[in-house]
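In what follows, structures are represented as structure tokens.
Here come two complexes built around chain A, the first alongside chain B, the second alongside chain C.
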Partner chain A sequence: MNRREGHGWHQTLSMWQQICLITSTLIGVGVLTLPRTTSSKLFEAGWIAPLIGSAGAFVSLWLIVKLSKRYPGETFIEYSHKVWGSARRPWVGKVFSLPWICTYLVYLYFSTAVVSRVFGEVVVTSVLLQTPLEVILITMFLLVLFLCMHEVEVVARVNELLFPFIILPLLFIAIASFQKAEFGNLLPINHVSMRSTAEGVYEGIYSYSGFEIMFVFFAYANQNTNKELAGFYSLLIAALLYMLIVVAGISVFGYEELQRVTWPTLELVKSTQVPGFILERLESAFLAVWVSAVFTTVANAYYAVVYSLRQLFRKGIRFQRVVAFVLLVPLFFFSRIPQNITEVFKLASLLGLSSLVINLLFPVVYWVAILIRDMVTRREGRNVDG
Partner chain B sequence: MSMGKFLRYFALLIVCTSLLTGCWDRRELEERASVLAIAIDQDEDDENLYKMTVQIPIPIKIAGSSGKGGGSGADAVKIMSVTGRTVTDAANNLQMRLNQRLFLGHTRILALSEEIARKGIQDIMDSFRREPQIRRLLWPIVVRGKASTLLEIKPRIEPIPVVFLMGLIENGMKLGRIPDQTLGDYFNQTSNLTMEPFLNYVEASKNEVSWKGVAVFRGHKMMGILDHLQTWALIQLRNEKPGGDIVIALPKTKNGYVSFRPHFAKKKVTIQDDFSATFHCELQGDIVELTEDLHIPPEQFVTQMQALIKKEMENRAKKLLQQLQKQYNSDILKLGLTLRAKHYHDYWKTHDWKKDFRDFPIRVKYTIKLRRLGMEMQ
Partner chain C sequence: MSQFFQAWQKRKEALQSKALEQYSVESMESVSDVTLTTNVEENIQLIEAQFGKCDDLVVRRFQTKSKAQAAIVFIDGMVDRNVISDFIIRYMTTPDITYHDPATNELDLTDKLRQIVRNILSGCAVLIIDGCRNAYLNNTRGWDRRSVEEPQTESVVRGPRDGFCETLCVNSALIRFRLKDPNLRVRHMVVGERTQTDIYVMYIDGIAYPPIVEEVIARIESVHVDSVLESGYIEQMIQDRRWSPFPQIQNTERPDKVVANLLEGKVGILVDGTPFGLIAPAVFSQFYQSPEDYYERFYIATLIRFIRIISISIALMLPSLYIAFSAFHPEMIPSRLVIAMAAGRSTVPFPSLVEALFMELAIEILREASVRLPGPIGPTIGIVGALVVGEAAVTAGLVSPVMVIIVAVTTIGSFASPSYSAAIAIRMLRFPVMILAGMFGLYGIMLFLIVILIHLSSLKSFGVPYMSPLSPLNLNGMKDLFIRVPHHLFKTRPMMFHVQDKIRIREEDNPK
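And then the complex of A and B:
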């Protein structure tokens, strides 16, 4: 474990940095469609979905925290072979942990492709109509590459720095749009079945995933901080913001109209009147600020991939830089695979499904494996004693 | 500074300057033909064609007119008309006649002729829904006669006619006399299953424009109009806006009038158990005019006037409901929304509001609170 220690930055992420890291990864392009996706099945009661979704997310995040506490200072990549292997035959652990690590990395890798594509789509359709999609993707990837040149500490600081740029515009839009709200649109709340509630939560699942990067980053959290609490606060912030934006969307538009608009949050920005008409066409300004929200989502996930690869091959920062650059090339092509907007959304919801698998299945399976190991070791220990 | 470091910074500078210059969509203000208003009519010759008229300001003329002191104000804008099978088709035809690219981001007024509004405007609205430049805050207006007349007015107070028109609407909104119906509201109301949309209705002559009330829609089709008195009752009951002054003939006098200016309106809708609705509306305001002295003590005067205004307002509301329910069958009062919100299981699920609104019993009860009598004591 102490091979790469030399750096002074090890295990230094403060509680606030952890919160920023998780929240800013969670909040990304999903917010732009969230009012539509959640109200498609839940109608007037769409705002319930982020609450339930985040509660589910917390269970998963809690398990991830527990994993990280069991193997303090180690990332998913490092503790995976301890979970799957035995002390006597280390190669067993390496072989059996590989499928899990690969799935995790492939998922994160593709999620960055989809997220940047969705963001590219919204920019191209609403603000920069003449700009090729590729240019937006490339500029985003260059930014991401720049971040990947640095160590984990830098990532945390960047997230900390950008955090207000993510929270404040959302808060502003949600609150400012209440001047046009029609609260009758939020009622009745009690006519949806359990089934459609589940479906409604699932529709928006894409928005409450992203915390799986903490499989890696929790390793660098300061040991004295309460990781559970950091996870709880960050999910709470995200859930409240999401709820606010969905409530604003439903009360301003009504769920029927929400189903017809592609980017409801952006439309919310468009129909928000700033007193005095100082700023017209606010949506361009909003999207300009929103780059930071998308950047933190894409960059954190991509950083997790690159950093994991570095750990997997036990290399240094130079390797990380080269890998970050090399992997961007296929990423660019992957993000261009969907041919049209419906395919983009289909892929995004597929991503939601796979995030569900990763976030719930992985921690649970790992814990089951650990518990079984524990039982076996205890029995063996007793045998030795006896 | 070493050479290598210098080179590195130099490269960074080059990269930054080349990346920060802007993008494909950079377009200077003078390279755009900003459309301030769009009017859509039916073409006179061909029934299947739309005629689109746009108003484009001429920047150099606007700057010049203030120096010259007006006079040539009407020339500050260019008005162009084109025809097309659809709105986009017409816009394409327009682009062929312009030196700069059309820019709709500053469009503030969308004028629709009564004729096409009565035929239904769903097909027109589609392109406005899709176009990202179009602002949801622009005002669609139904114009009596031809919509293009609204763009051709020469108000002379303002060099740009649309600015005059915007001022008229904005001011009316602030006074609470003209409802604030934006394009976004129209979209929401047409999508919403519980309510119907309405738009402001104006009449334009050669030099002037005058607000006449609202055009009531059912779906995307205009059903009829409400005049300004009924509209004021509507916005009291719907938006809690005070509406305009209420001028009533005094009973038992030759030619006496009293004018009441409402300042605040509050409403409450209650649904009774037998499914009938009651609008309670409270108006607070002052007497601003009394053309004949009634020679009664002030306390008695106040109660008498309150009763008089209450009766007048309830009559207006009755006429409003008569028109909305029996004539147009269009719920622009947002009553359906209240019913769905509060009586989903016991009423909404079993009824078809689009049909049942017509016969839904609605009562309106006004409470008038006469607060002051202006600068005059009696």
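And then the complex of A and C:
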């Protein structure tokens, strides 16, 4: 029996789906350590860091949006050929775009390894004490693999459905912990220098990265939606949530105490008591719900990798499925390389640095290349005209 | 691997449908080319030869008023005998009646033996007259049918009490009766090489999206099967993903529900011989929406929807939450309760996963048994099973008292879904969640929920995403998703089915 897949109208990503994609990728394991990392250099004023960081992220995201608008309907993989190549010799573009694409993919690939490792550490140390780390990693990877079996529109819809599971627990924790808050902990406000502000922002930079997946996903955005606005809203949502969490962390614990806890956000959850609520000690429930936040971060990045490879080799969904499975095996071993939690955090901050490079350097370099190309072609055109 | 499996499946299907076609061609080929002669006895022999030795084939010979030999052929039990004696035989034999033809409401002339055989099989009486090459096909269909009764599986407190019955024309009339719109289109199709089951595909021209209608018709046409005994055959063969546990086509016994869905731009499929009609495309909201929601005031309708959603979640997750809490996260339970629970569990020799699986299995057996048992005994067994066995199991220390409460609430919760086939999906999925909860606690439950969410997001029913209007988000559709807004706010039809005529309430017709 032959059957057609419905009546195949092309499903593009709506603005809300773009917001969900970006925000849920941004919010991941970074939040669990955010109050500590930001307040380590900024002290009481740690809550400024998410705002400044997100503003910086928006500049980069705006450049990515502009790139995708310049090449509508094309992913980073597809337009890289055009940016670096010439019309006469297509192989030039292929060769010169390869280092950029490879760097991008390798970065995303390793970021998934680190994120899943961090999450595995949290789960193993605080909830499932007797479960081996490997089991958490494998189950998470199997979940990611299942998503990678599907097309892009499914990814967008999954993000859309999981979005409330990411936002609501954070809001709940932040608001519920204000009953224990001592707002004196937040004072004085203008106490830090510009230098330590920059350092503080840098410490938490890992939390604002993740939107680089939009190099790929913006290609499928509905052309009528305002992508800049989608980027703006998603970063705004993330920044406000981060700020709330950091404010809650600092005002409940004070910045000195925050430096001594590994997972400050989880400590916030532990200290939360809701009067009249049936359940106590919510950290297990929080981490269970938090699986969805981590899953969207890991899965979206990994999907971007796998999907890019599929485009790079011009293959279909079967290739994507096979690649998704094959690449998970080394990923599992990579995620087990760090010996302990300190090494994991070191790697995470290294990843933050490389995300800074990728997110700022890539769009800027690409735009410079495009502008130079434009100038050259215009001059050539003038020569032809005489 | 799956590729290979698909190819194998496809080949098997192709071979099967080829064989079926071959059979039907062979069996009908010998008939098709033959035409009737002018001799009555020869014609009777021709028809009888087709049926072989068939004792319910009745041949009544008589003489018409013009002294010609005639015979009437029909199958006993499928025809209305009064019509045959009063309006065919009496009309043809009484000299006072000057009218020449039989006085039946549908009359057709043919000399093709194939068509005659088909019509006899579907309850027509065939009149053959000597000297006349054509036979009269009289529609005398009339067999004992169940009357229109209240639907058993979808009862409502407020709303129409009539449900579909087994006869196709009655069912389509029940829909016409509610929807007096000339744009209601009915397409007749026949599926089943041997059963020759009649199928009506109904839609409203000008509302339904034509590609969806065409897709439904094309998929039904592509069904090659020897028998269709219930609409479930059609449903399972034309749904988008045949391996999914979730029903992607809705079934209903209620004509009012079909009409409401036709007005939303969906397509109704009625199958002869079953009181269950199909509605395509279907979305996830079928799990907790009932036609009653639109008949009662919107406050209570909204509240009841939330109650249904909660009860579906309970049916899916309560046992696994119990397992997760008692085995992995006892610190989350308030301390007084945890002491009581521990006291209850102190005599139970199994881990909580085994305890829960054991009890759920018992309740499933009970449920199945009480469905099969004859009417008056069913509830008795339910009470005996639930109360006596449950009580005894607790006293014997096999299960904890909390477990009994949880199993009972879970079972009741799974009955709150207005759609039985949707509730089955939830009922089935409860077991994998329980096993994952037994392995990983709350983490396992969340893993499974994400797996289900991914699967639901990937499902489509005739091109409509299964989770719409929640994802892709459609604010207009949200008016009728969890809450049900008052009727005067339903100004447009839901957009997710790509309706053609979008307006439900015209402003200019409703002066303030």
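General observations
Following the convention adopted for this analysis, the second predicted complex is superposed on the first by the 374 of 386 C-alpha atoms of A that agree within 3 Å, B and C clash if a C-alpha of one lies under 4 Å from a C-alpha of the other, contacts with A are read in each partner's own complex, and residues count from 1 in each chain.
We take it that a residue touches a chain if its C-beta (ideal position, glycine included) is under 8 Å from a C-beta of that chain, and two chains touch if they have at least 3 such contacts.
The model shown is predicted, which means the values in this text are computed figures rather than measured ones.
When the two complexes are overlaid on their common chain A, residue A:L128 makes contact with chain B and with chain C alike. In the superposition on chain A, no contact is made by A:N224 with either chain B or chain C.
With both structures placed on the common chain, the touch criterion links A:T139 to chain B and to chain C. In the superposition on chain A, A:T342 makes contact with neither chain B nor chain C.
When the two structures are aligned on the shared chain, A:S292 is found in touch with chain C, with no touch to chain B. In the superposition on chain A, contact of A:H150 is made with chain C only, not with chain B.
Chain A is touched at more residues by one of its partners, and among chain B and chain C that partner is C. Judged by the touch definition given at the top, the superposed model places A:S193 against neither chain B nor chain C.
Residues 127-128, 131, 135, 139, 280-281 of chain A lie at the contact with chain B in one complex and at the contact with chain C in the other.
The residues of chain A lying in touch with chain B in their complex are 125-132, 135, 139, 182, 184-188, 190-191, 252-254, 256-257, 259-260, 267, 270-271, 273, 280-281.
Residues 1-9, 11, 14, 16-17, 123, 127-128, 131, 135-136, 139, 143, 146-147, 150-151, 154, 156-158, 160-162, 278-282, 284-285, 287-289, 291-292, 295, 318 of chain A are the ones touching chain C in the complex. Chain contact summary for the complex, chain C toward chain A: residues 3, 13, 17, 211-212, 214-215, 218-219, 222-224, 237, 240, 328-329, 331-335, 440-443, 445-447, 450-451, 453-454, 456-458, 460, 462-465, 467, 470-473.
By the touch rule above, chain B contacts chain A in their complex via residues 19, 23-25, 105-106, 129, 132, 135-137, 182, 184, 187-188, 191-193, 334, 337-338, 340-342, 344-345, 349.
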